[in-house]
Structures are given as structure tokens and as C-alpha cells.
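So, here come the structures, one by one.
In what follows, subunit A forms one complex with subunit B and a second complex with subunit C.
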Partner chain A sequence: MTQLILYNVFNGLIIGAFYALMALGLSLILNLSGVINFAHGGFLAVGGYLAFTLEPYIGFWGGLLLSPFLTAAIGLIIERLLIRRLYGRDPLYSLLLTFGLAFMFEDGTRFIWGPATLPFTVPDWLSSPLSGQFFFLTGYRLFMVLLVTATVIALFVILSRTRVGMRIRAGTLDLETVSVLGVNVRILRNINFGLGIYLAGLAGVLAAGMLGLQPTIGSDLIMPSFVAIIIGGLGSLPGTLLGGLLIGVASGVTSVFFPSASEAVIYVMMGLVLLVRPRGLLGEEGRF
Partner chain B sequence: MTQPKSFPIGRRTVLKAAAAAGVAQVAAPFVISARAAETVKIGLNDPLTGTYALLGKNEQIGCQLAVEQINKKGGILGRKVELLVEDSTSADTGIAVQKAHKLIDRDKVNFLLGNVNSAMAIALGEVSNQAGILHIVTGGHTDSVTGTDCHWNVFRVCNTTRMETNSVSSTLFKKYGKKFYFITPDYAFGHTLQQGFEAALKANNGTETGASLTPLGSTDFSSYLIKAEASKPDVIIFLTAGQDSVNALKQAVQFGLNKKFGIAGAQQELEVLEGLPPEARIGTWVFEWYWRQPNVPHVKEFVAEIRKVNGGKVPTARHWFGYASTWTCALAANHTKSLNALKMAKFLQNFKLPPEVALMPNNPFYREGDNQLMPTLYVGHAQEKGKDDPEDLFVVDKEVKGVDAALPVAETGCKMKWPA
Partner chain C sequence: MVRLDKPAEESAQSEAPALPVPGFRIDKRAADAIVWLLLLTMPFWLNWIGGYTQLGTRVVILALAAMSLNFLLGYTGVLSFGHAAYFGLGGYGVGLTLKYLVPNTLVGMGVGIVAAIVAAAIIGALIVRLRGIYFAMVTIAFGQVFYFIAYRWNNVTGGDDGLSGWHRLPINLGFTQIDILHNKLAFYYVVLFCFAVSVGIMALLLRSPFGRTLLAIRENERRARFLGIPVDRHIWLSWLISCTFCSLAGTLYALLNNFSDPHDLHWEQSGNFVIMAVLGGMRSFWGPLIGAGIFIVLEDYISSRTENWESFIGLFFVLVVLFFPRGVLGVIRRRTTQ
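Up next, the complex of A and B:
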């Protein structure tokens, strides 16, 4: 039993890392632009589908490299044409817009790639377990965790060491002052949105390697990311990361004792956090 | 330069947004294919969005082909037939019931077809029974539809879950052994499949090493698979369907579990096998219809017809469910020269499907007493690649007659009450 629980904690961390990757993109956009991006799952699906389409030409690795950038490019265009118009208005507007976009993405992918599940394959050497004992640690999942770790480190380095990153962080705290100091907030938001969507696209390619690629893949995966953000605390990226890992582990451990509640447990956790510590685990007090 | 105003996003807004995402799952669009006066209307209530979207869509294609053929042959009672389609969603039974009421009360359909989801099939059976219209369940398999929840007006084309488990269990015992671990979707369909296998295990002195009930629409199966591995069964039985099956099998193969244990289950579908990478097309399963039946009359023509409207792809069991259900409506009405549900239901007792609709051996018929079609079940194994057709992903090892797999009517729990 102890072994089973340990396995599930370990496995939960792997899954949590994936949730965190999605939630970080969502959180970035939410923090700076105040947009609750419901279409994040849609971008994720596009990332997966683009990698699937590119795979015959440039292989898995090419797809993994290129597809998130293409997804981000689509994101930048959508931000420029649609989302930008709604900055400064009540958040409900952008919420409704991205809500509609989520439907359009789902039906759009269904229209272009069809409703059938597509078999996205990962390189053979990645898709087998590394050891008989820890069979759930496949090369692919280890690679995924490493990639997520590297991405998170890169993201935090960008945010804390580069000029644009510092501006994003400053803007998150007080956008008006940043704007008054002469920073082009429009471009800043555009870059930030692109960065968030890049993470969605990357999560999409990674998800397609583990799951069947079908139009609802985005909406199937999006809810835990919202939960991760609320548990971790709005406005805090480390909080989002922690939230993602926590729900992964909680869901895994619950499945040992009460498998049918493994999905519900994350919502129970969210409820508890909201009751006991409404700002979330690492959220700043009074900020939201 | 415009001054950006900042609107704080509160926790409450995010929560409301999350709730809205839930609503989005059910606020699916509806589809109506055609409208005209004086037509005979067949209403299809099936998922066109969510986990079962593809299965629902394929049933719809089968229905549409049948409607075209029926109209070419003079329609129903000389009137043109039209198909009205409503999206039931994949998981919200409330929406399915609401859409069924819409079809029956507003659109005044003469027949109701559906649903892929077992829980919805049961609920729709109640609705159609109250309305007193003939209802053919296309693809919801849980036993009670033609068992404890049976109704005089509700017929079913697809198999019961018990028929599926009975047809394959002896093969599984022989091939893998008698220690089973179940990965079971947590709703009616999964529950009755597991009960079916448990009955077979009990009768054959087998053991159940454990079971994981998984929420419908699960994406990650790793924790369940870890539990399955720890219980060291002879075979892991996957009772999942649709997209859940793709996700579960893909992960099981990535974990190398197919090298340690047998991988099998009851119902398997071509839609799932096509969605899997080749290395995960494995295991022993039951198909309810297969497109490659060289010795069965009319199958070739049906395959060719479906290919024309299905982007060149072959029909699956779902296409056949839709096709056979729709034809059943037309045959019942034209034979009784009536659209009276009671007359048609009486006529369908022990009614044998004609070969051009049956498209399978052993003369499938609607069994008197529970209104369950007794078709042929195809027990076999999945294969990585077809030899001469990329869609030939299943090898039929054994054909089982429906009557041999089904429980006798007396044991189904069906107490049929006919109106006076």
C-alpha cells in the first residue's frame, strides 16, 4: 500500500507538471491583461493538431519545436484583432469573447481535422518505460517533466532578468504607472499574450503524445488549470506552479483509495482553499 | 497613447467563469437536417459533441443513408421521410431529455432514435414511453434498457452489455487466465459490463484482483494503471468506450503493461482502433458489426454506399446501428400500414430483419418479451495494420449468435407492460 501511494505521489507530480504548464500560460495572461482566457484549451488543441500535421514532414521534434510558435503566432493575431479591443473594459467582455472563441476552436478543429481521434505518435525510444519497476515513468513522461522544468525555469528567468519580463511583472502590479513611465503597454500585452499561448501550444503537443488527439482535448484539459490557479493564488506564478503540482498529487493519491472521486477531489480542494484561505496558497492578500 | 484602465479580476469572476465553462459543455447547438409538411419524421437524439461525438455522428450517417434509400423506395406509407437530429451532448442526461421533448412535443416526430450514452438511452425510453411513440435505441448498451427498464415501445439494435461479456468471456479465460482487473467507466454502461464479467468469473471460479471506476471523460489513466499493475492480474479488462478507450489503451501500452498482462475487454469499436497509434491496436474484444464479411450478402454494397458519404472511410458498427434502426421504423410502418406505435411494436415481436438490412449472418431478430435485437457478435482481436486495407484493423476469430450470448428473457428483469 505504501508503495502504491508513493508511486501515485510520484505519478501525480508528473501529471501536475503538465497541469502547471497549462495553468502558467493562463495565469500570465490573466495577471497582466485581466483576460480570463477560455480559449486556452482551444489553443492547446491547435498546438497538438499542428504538430500532428507537421509530423510527416519535420518529424516529432520539428513539430514540438515549430508548432508552439505557430500557435503563438495565431494567438498574436487574435490578440491584435479581437482581444486588444476589450482591454480596459469589464473583464466580462473578454470572458465572453474567449468563451465564444473556445467553441470556434473546437468546431474549427473538428471541421479541419474531422471528429475522429487522430493517432499522434512519439518516437519509439521515448514511448517505453525506463525500468520495469517504475513502469509509469516512460521516456516520454520523463522528457515531459524535464521540458516543463526547463520551460518554467526559462519563464522565471525571462520574467526576473530581462527588461520585457520585468515590465510584465511591473505591469501585473500596476499597469497605469508602467504606462505612464513610457512603456508601450500594447506591445507588452501582445508579447505577454503570445508567451502564454506559446505555453498552451507546447502543452498541446505534449498532450497529443499521451492522449488521443481529438477536438475536445482542450476543453477536457482546461478545467484543472483553472483550479490550479485558484488553489495556488491569483496573481502568483509560483502559486500556479504549486497549485498544478498539488492537484496532480491529490488526484493520484485519491485514486488509490477512491478512484471515482479522483476527479472531484481537486474541486473539493478548491472549495477548501476558498473557505480557509480565499486568496489562494501563495496569492497576495488584498490583491484580488 | 491611451491610458489603460485596470479592472481587477476577482476570485469570484474566475469562479463564475469556471462555472460558465461547465455550462458550455451542455449548451450545444442543435441541428435540423430538413423540414417539410406532410412528411414522416424520424427524430435522432444522439451526441454530436463531447466524448461520444464521433459515435453519434456515425450513427447519424447510417440513419441518413437509410432515409435516402427509404425515400427512393417510396418512403413510409407513401410519404417522404425526413430525419431531424438533435445533439444530446455526451454526458448531460438532462439536456438529452430536454432535446427528446423538443423532438416529440414541438417537432412531432413519429419515431425516436438514440442514444449512444446508456444513461441517456434509459431516460429517453421513459420519455418515449410516456409519449407513446416507437423508439429504437441505437447504441446504448447497458442491460436495463431491455431489462428492468424495458418498455413495450422501446426496441434496441445494439447488444446488451451482458451479451458482450458472455460472448467473449470463455475466450478470455482460455487465452489469458481467470484473474481480471477492471478499468470501468463510472456509469451505467461500465457498471453492467463489469457485473457481466463478474458473473462469468463467479461461474468459472475466477477472481477479480480489483477494479477502478473512472469518471467518464477521463484523460489521465496512469493512476488506475498503477493500481492495476500492483494487483498482478492475468488480464486487464478495459470497459471504457470512445475517447476514454483511446486514452486508456495508449497509456497502458506506453507503460508496457501489454508485455506483462493480457489486454482485453468487451465492446471495441473501429473508431477507437483508428484513433490509436499502431502499437496500441492490441487485445481481444467484441465487435458488434464488421465491415469485412465477404460471405454475407449486401455488405459490400453497404460499405460502398457509406464510403461515398463518409469521406471514403468504411462503415463501423455505429453506421450500421443507425441504418438498421431507421430501416426498422420504415419496415414496421409499411408492414402494418400504420404509424400507430402499438401496432408497430406488436408487429416487431420476433421480427427478422431482411438480409439487406441485417448485413450479418444468423438472421437477427427482435426478441419477443424484451424487444432486444438478437444479432451476431464478432469475437476477435485487434491488429496493427490491415493487409490490403488500412481500415482492416480487426480479425474476427469467432461469431457468436445473439441468442446464445443473451440471458433468457425471464432473467433479464424485463416485465413488459403493454397498454390495454
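Up next, the complex of A and C:
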């Protein structure tokens, strides 16, 4: 029993790390540009599928390295051509646009790579269990946790130490002032969008290694990411991280005792958070 | 959330001040008459131009859903992206009642609507203080709860396959019976009757002091608050009214298909309602009806032509947002007023 619970807690943490990675990207875009990127799941799927396609040529590590950058490049182009036109308009329009994009991504991946689940092979030494007693602790899962942790740390370092990062953070607080101070806001938003999509692409490659690839992989993961952002508090990246991990563990633990409620439980949590603390756990008062 | 960028001149929000009354600029009464005439005679001319009665019924039902969403979206200025939940709750309410409880269509509809009202009242109380993009996100997320319940509660709801094994039953009015099961035309007119009553109530509400207050909140929430209007309560009521009529549409939709579909609860369906409202024109009373008509005919046509219809629908969303954000009636109104 202890092992079962431990297994599910650990599993939940991994899933939560996914949600967090995806939700952090969503949050970045939402905070600076006020756009709810429905197509985020689509970008995640693209990241996974690109890695799958590239794997025969450049291997797992090459795919892991390159695919998120390619995904981010696609994101930059889409931001430049489509999403940029909608900044400052009613959020309704960017929501509808990315909603349409999500349809196109899902159907597009189905068209190119087929509806069947594709296996994304990870190196052998990564996929074997670390010890007999903790059979669930494969090297790949451990590796994922480490990589996600490293990525999140890197993200926070970028945001707090580099010039671009500081501008992004300043922009989320007061974009107008940042603009007046001579920062090119268009480019800033473009970079920020690319950064968010990079995280989605990375999450996609990692998810592909664990779950296999399906066209619906993105739309399955996007809703929990929304919940993670709401629970953590809109506008707060640490909150988003916390929210992602929390709902991951919560649904992992629930799946031990009451498996059919493992999806619904995160929405119950969201309801409770909204009831007690409408701005979310780490959200600032009055920002949204 | 208002930031620099282009001035709001282009956004639909700013075109509003001079049109407090729902409806058309040209001649409102004539337009209303034309709409009702077209709806009343639809089964006859629809077959003639290549449609079929059920397609017309679908248009009317989804138009009701889109118009009820627009009560909130266009007239209260609150962006809900989760209306499919209440639409689907209505559908499952009627399906479950007819299958397990009472073989009576009207009772089933009542159960569906009450279930949706209860859910909307509770969720509405949780989210009513949120605004704008935050509100939209929370409605999206909450919408999924019911989807997962329907999806997971296999032995009752039929899970992913949906709830089948039931069908609509003739409506017994005591003095007469309406056979909506076999007579497609009768069912169309029952649907149209529900549509007319709902739309009539919404139009009356919008003309009442309550409706004017909603418009005031849409135009300037802060000022409305300073005037002593209980803004949160008004938005909650507007949300509740909107969800109620949306669930009525949901019950009719399930009756039309003799099937409760988990997809009706999914956020994709919520997106469809919003695009119908935008496509027809959010600032016009009849806009969502026109949007629903265009959207459904297009979907029907594309999905019969290609397997990749989802891509085309997605592309359609993108094109509408980029090139047609005012919607059909918004553009017409602009032309006629200039």
C-alpha cells in the first residue's frame, strides 16, 4: 500500500511537472500579452512529433535539443503573422483565433502523422528501472524530473538576471512605461511568445517519451494547465509552478482511492481555491 | 488589462454607445417581421434550396444557444467560454430522465434545465467577481468538470459513446398530443415555439430597467458601480438567465438527436457558440441566429466533403477573427449608418 501511494505520488509529481512546464509557457504569454493561448497544446504536439520525425537522423538527444527550438520558431512566425494583430483588442478575439489554431494543429498532426499512437523511443539505459523495489522509478522519469527542474531554474534565472527577462517581468507589470522607456514592445512580446512556445515544445518531447504520440496529446494536457494557472494565481509564475505540481499530486493520489475522479478532483480544487482566495494561491490582489 | 497598442477604435466594444436597443438600425420592426417569417416558413423553403428539415431544426436550436450566450457576451460584456457545460447538462438531464426515470419529454426537459440552473447558480457565485480574461479562463476550466463526469461515469452516462437507447416521446398536452417523434415538422415547430418564447423573454429583459443596467455595466462597469448598481449580482443574474436558455437549447438538441453526446459538454462546443455569436454580430440581437445559420450550414457541407473538416473549421475561426470581427450584422450596420 505504501508503495502504491508512493508510486502515485511520484507519478503525480511527474504529471504535475508536465502541467507546470506547459502552464508556465501559457502564463508567460498570458501575463505579458493578455492572450490565452488555446493552441498551446497544439504546439506541444508539434514539439513531440518533430522530435519523433527527427529521431532517426539525429537521435533522441538531438531531437530533445532541436525540436523545442523548431517549435518555438513556428511559434514566432505565428505570433508575427497572426496573434500580433490582436493585441489590445478584446481578449475574445485572441481566444477565438488560438482556438481555431488548436483545431488546425490537431487535425494537421493527424493528417501528417496519422491518428494511431506512435512510439517515441528513448535510449535503453534511460528506460530501465533504477531498482527492483521501486520498479516505477525508471531512469527516464527521473531524468524528466531533473530536466524540468533545470529548465524551471533556468527560466527563473533568465527572468530575474538577464536584461530581456527583466524587461519581460517589467512589461507584465506596466507595459506602457516599459515602452516609454525605449523598449521595443513588439519584439519583447515576440521573444516572450517564443519562450513560452519553447517550453511547450520541450514538454511535448518529454511527454512523447512517456505517453507516446497521439494527435490529441495537446488538447488532453491543456485544460489541467489552465487549472494550474488559476490555482496558482494569474500573473504569478511561481504560483503556476506550484499549481501544476499540486494538481499533479492531487490527481495522482486520488487515482489510488477513487480512480474515476482523478480528473474531476483538480476542478474541485479549483473551485475551493476560488471560493477561499479568488486571486489564486500566490496571485496578487487586484491584478486580474 | 487595457494596454497600449492600437487604439480601441477597431474593437467591437467601442462601436456601441448609440444603440441601446437590441435589434436593427434599418427598420427594426420590418427586420423582426422578416426574421420570424423566414423562421416560420423555413421547413418549406429549406428543402427547396437543398437543405432538410432537421438541418433547420438544428439551426434554430443552436441559434437559441448562441443567442443566450450573447445575452451575456454581447449585452453584459462578460466573456464566457464554457457555455457547453450547461448546454450539455440540459441534454444529459433529458436523456437520463427519459431513459431511467419518467417517460415524459416535458418532465425530462424540466429536469435538464433545473440541473443546469443549479450548476450555473453555484459556479456563477464562485466566478462572478472575476473579470475579463480571468473570467473566461475559469469558465473554460469549469466547463470541463461535467465533461469528465459524463466521460468517466460509464455505466450511467454511457461514457465516451454517449447516452443512447432512448428517444423523444410525443408531448401530451391533455387535450391533444403532439407527435414530435415521427413528425419532423411538428418537432420543428415545437422547437421554434421554445425559441420564440425564450427569445421573447430575453428581448423583454433587455428592454427592461434590468437590461439597461446590464448595458450600463458593459459600457462602464466602474461608473455603474459608483451609481450604486450591485454589479456582481446583476452579472450573476445575467449569467444565470443565459445559462438557463442555453440549457433549454441543450435539451432540445438531445431530443433532436435522440442522443446525449459528451461532445456537447466539451469546450470545443463552447467555442462554436462564441464563434456563432461573433460571426453574426455580437452587438445585434439577431446576430447569433445568422451566425448559427452560416456556421451549421458550412459545417454540414464541409464535413460531408472532407475528412479534415476540423482544419477548415479552425481556418474559418482564424479568418473570421482577422477579417470579419464585427460579424455580418455589425458590417451591415456600419454601412447603413455611415
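Definition applied: the second predicted complex is superposed on the first by the 282 of 288 C-alpha atoms of A that agree within 3 Å, B and C clash if a C-alpha of one lies under 4 Å from a C-alpha of the other, contacts with A are read in each partner's own complex, and residues count from 1 in each chain.
Methods note: a residue touches a chain if its C-beta (ideal position, glycine included) is under 8 Å from a C-beta of that chain, and two chains touch if they have at least 3 such contacts.
On a predicted model such as this, the values are computed, not experimentally measured, just so you know.
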Three-chain arrangement built on subunit A, subunit B and subunit C clash or fit: clash
First (subunit B), second (subunit C), both or neither touched by A:176: both
First, second, both or neither for A:116, with subunit B first and subunit C second: first
Touched partner set for A:260, first subunit B, second subunit C, both or neither: both
Contacts of A:128 with subunit B and subunit C, given as first, second, both or neither: first
Which superposed partner A:278 touches (first subunit B, second subunit C, both, neither): both
Which superposed partner A:226 touches (first subunit B, second subunit C, both, neither): both
Subunit B versus subunit C as contact partner of A:162, first or second or both or neither: neither
Contact breadth on subunit A, by residue count: subunit C or subunit B: B
Contacts of A:95 with subunit B and subunit C, given as first, second, both or neither: both
Contacts of A:36 with subunit B and subunit C, given as first, second, both or neither: both
Location of subunit C clashes with subunit B - one stretch out of 96-104, 204-212, 258-266 or 330-338: 258-266
Subunit B and subunit C footprints on subunit A, overlapping residues: 30, 34, 36, 87-92, 95, 99, 102-103, 106, 175-176, 179, 185, 223, 226-227, 229-230, 234, 260, 263-264, 274, 278, 288
In the complex, subunit B residues that touch subunit A: 1-11, 13-15, 17-18, 20-21, 24-25, 49-51, 53-54, 57, 186, 212-215, 217-220, 222-227, 229-230, 243, 246-247, 250-251, 253-257, 260, 271-272, 274-279, 311
Touching residues (chain side subunit A, partner subunit C) in the complex: 30, 34, 36, 82, 85-97, 99-108, 111, 175-176, 179, 185, 223, 226-227, 229-230, 234, 260-261, 263-264, 267-268, 270-271, 274-275, 278, 288
Partner subunit A, residues of subunit C touching it in the complex: 1-6, 8, 10-13, 73, 79, 81, 123, 126-127, 129-134, 136-138, 140-142, 144-145, 148-149, 151-153, 267-268, 271, 274-275, 278, 308, 310-311, 313-318, 320-322, 325
Of all residues in subunit A, those that touch subunit B in their complex: 3-4, 7-8, 11-12, 14-15, 30, 34, 36, 38, 87-92, 95, 99, 102-103, 106, 110, 114-121, 127-129, 132, 135-136, 138, 140-141, 174-176, 179, 184-185, 207, 210-212, 214-217, 219-223, 226-227, 229-230, 234, 251-252, 255-256, 259-260, 262-264, 274, 278-280, 287-288
